[in-house]
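Each of the two complexes below includes chain A, the first together with chain B, the second together with chain C.
This part shows the complex of A and B:
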């Protein structure tokens, strides 16, 4: 049980995700759209509930990421890459807020 | 004969006195014009009479003469390809005689007395025959062999029987009844139209009447010998569905009753049917059709009778062992005629002014349908399938005519204005409609089409029901909120709707779909559903699954001609190939 709770995955450029290995996450390097999609599907199929993905990788395979937006058993969470955040994660939060409450209350970001 | 005189005229209803010897439902001749009427009510020596013709110019004091017989139809060779009015007057011959409008009091026999038919005896002198036994046959046209039967209520020994050319009224056989009395029989029988013709035994319907209409045959089949109703608001395509059924239904004889509808709809039938060919026999569809026309501008009382005229003719052919389909368009107009007459009779009105006996009258009509063992020693089986259109005002089926009809019929094809507005034809609402014959017919489909048939049907129906649930979610939170599995379900449902249920009545190929092709089409669409899901599970993207090039071909599968069903194999293998390509790319 404890083992299951702790399981995490990471997908993205090798340099960015290596650190996750240190805390016991399953790190899968991916550099093309197909690799990203396949890494996500494989981690999800293995029952890993939380998958971190670098923003750059998420941008490469938007449809594969979108698939897990509605999936209950897997959460895909974008994180900044080695070059810092490009705003992808923040935009997603904003979009979800707009969908949930119908107004863009995070405007101050811009 | 009773001879009375008019005391009151109210539209098509007249009251006459001095009619004490007349009987209920006797036919009377009214005034010097000799208009045809029927007794609806008797109080002392006063009779209320509904007149089947225009009554303007009539006044009190004019004579009314009873014929002493109920309103009867003439049944015999010459019915097929004819067009009659509500009380079986031959409209084509009336036109030759009197022009475009029916002149009042015109008297013409329903069946042409001068036409000569070639009678071939089946029975031999000395044969013992009973009611319903076939005496001989007349080849009425290339399609229909008209069987001349011993009329109900008569049996005995054939004394003489004549071969060769005869007119309908000629005596073709002499029958000696049990009491030694001799009866001369002609090819013509008379039967009172309000009384159902007798049969030996009623059977439970076990096989479908194939109509070639996908939504009907697959989802809401009607049994041969079944009863169905098509309620729907104006413009939702009731008449087109009725016409489609009249054209393509798998029946030997079609009786089409145009009852209170627009005249040009009848014109459509008259113009189109001779040009169309029956897919099975290759003959013109008119060669199996009898038309009864009482359009909206014809006298209302005759409209009331037209339904009975239609069903009596249907019963007559059923007794020969044929499968007959009768379409009535529309029973609402017929019920309105009942209401009009009831109002004039000053009866206590029931719901919405319809007479209290509305539902029993509707039941009387539909109950005359069914599959039966006919009279006669042969044990022939015949069937009448009855399909009635109902036009509820405003499309609201809570009104009395729809409700009374729904209590009796076992198939309900509910037309939806919304579907019609979206140009989805036939606009039969799959969530509203039902067929209670499904259980009876499932074995037949398993044996004659495919063992998979019932499972496929159920699966497609489930997809459509899921779609309507998912649509609620989509309306609330948008398409994005659906999981990919649900999005694929929506896509498959769209395919079932657009590629399968939608059927173009005016396309040469699409207008009729055989059961085999229906099965292949449905299998193809549901195959796509399974394969698409497998591809998604293997990691393929939704947009790739939805955008598979083969879907274009699935969508066009309805236009594959009946003789080229081999193309389905090709599409199936293309689907399999494209799915495995997606699965391989999916990366799992």
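This part shows the complex of A and C:
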């Protein structure tokens, strides 16, 4: 398992994921919630462990993203789109902290 | 707190006592596990937050360059230039065990690291594109690291939540219930004993009365 070479995936609007295609990721354009869900599903089924998803696309299909939250084999990582970050990814980090500890302790430390 | 529905017998009492001891031990262990998980989680969450900030900064710049490049070039030409990536970003996935939470460890393939290879000729593309791809390649190890930390942090958060629920269930439901039940059984047994004693005394008195 450890020596198998795996690839990365990218899901989101065409413009943003072209950049990921350039560095060798499997890029799947998706512009609607259904497309996002099926793109995630397909990449995950192909055994791709890291899927980058633009924040806009992640916002469109929150259930599809949440489905992979507890799967060890697939990490769905939101990244900023071409318009820059809208705080979705940072919010997810904070949500994790709140879920685990019960309060947002990061904001006071940074 | 409600008493469990059991027969007030000595055997049940022993069983209850044993279950209480197990529950107490489990509670202590789970509490330790929770504390250690939280300690590690805080470290990882901090790393996660700072990594995310770095990645968002790096990517924001790269993607802006990309958007610029695509504005300068014809859309078809850009797509064509990137149609065949010059290299495949390959990575390997291992596993790490954090207090029996299995988390992934990603590492880049050696070949994928190093300088960016442009998948196109320089004649038909704009200079912004080269810069954007260069930045992207530099951000790649960071991206992989972010993926690893973020996944770890979300898996740990889930495990902490589960452990906390178990600890609370043991502390506030199971253990009080067992204690209550044990008290109930002891009291019932004592009462029976007292009842038997008074009955015996009464019978003795009756026999003594009849004898006279």
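Remarks
Note that in this section the second predicted complex is superposed on the first by the 100 of 110 C-alpha atoms of A that agree within 3 Å, B and C clash if a C-alpha of one lies under 4 Å from a C-alpha of the other, contacts with A are read in each partner's own complex, and residues count from 1 in each chain.
Following the convention adopted for this analysis, a contact is a pair of C-beta atoms (placed from the backbone, for glycine too) under 8 Å apart; a residue touches a chain by one contact, two chains touch by 3 or more.
Please read all numbers here as calculations on a predicted model, not as lab measurements.
After superposition on chain A, the partners chain B and chain C collide with one another. Judged by the touch definition given at the top, the superposed model places A:69 against both chain B and chain C.
In the overlay built on the shared chain, the residue A:45 is in contact with chain B alone; chain C does not reach it.
Contacts of A:93 after superposition: chain C is touched, whereas chain B is not reached. When the two structures are aligned on the shared chain, A:34 is found in touch with chain B, with no touch to chain C. Once the two structures are overlaid, the count of chain A residues touched is higher for C than for its counterpart among chain B and chain C. Of the two partner chains, chain C is the only one touched by A:105; chain B is not.
Judged by the touch definition given at the top, the superposed model places A:24 against chain C, while chain B stays out of reach.
In the superposition on the C-alpha atoms of chain A, the part of chain A touched by chain B in one complex and by chain C in the other spans residues 69-70, 99. Of all residues in chain A, only 1-8, 15-16, 18-25, 49-50, 52, 69-70, 72-73, 75, 77, 79-82, 84-85, 89-90, 92-93, 96-97, 99-101, 105-106, 109-110 touch chain C in the complex they form.
Of all residues in chain B, those touching chain A in their complex are 477-478, 480-484, 539, 541-543, 585-588.
Chain C contributes residues 37-38, 41-42, 45-46, 48-50, 52-53, 55-56, 59-60, 62-64, 66-67, 70, 78-79, 82, 85-95, 102-104, 106, 109, 112, 116, 119, 132-133, 136-137, 140, 143-144, 146-148, 150-151, 153-158, 160-161 to its touches with chain A in the complex. The residues of chain A lying in touch with chain B in their complex are 34-35, 37-38, 41-42, 45, 63-64, 66-67, 69-71, 99.
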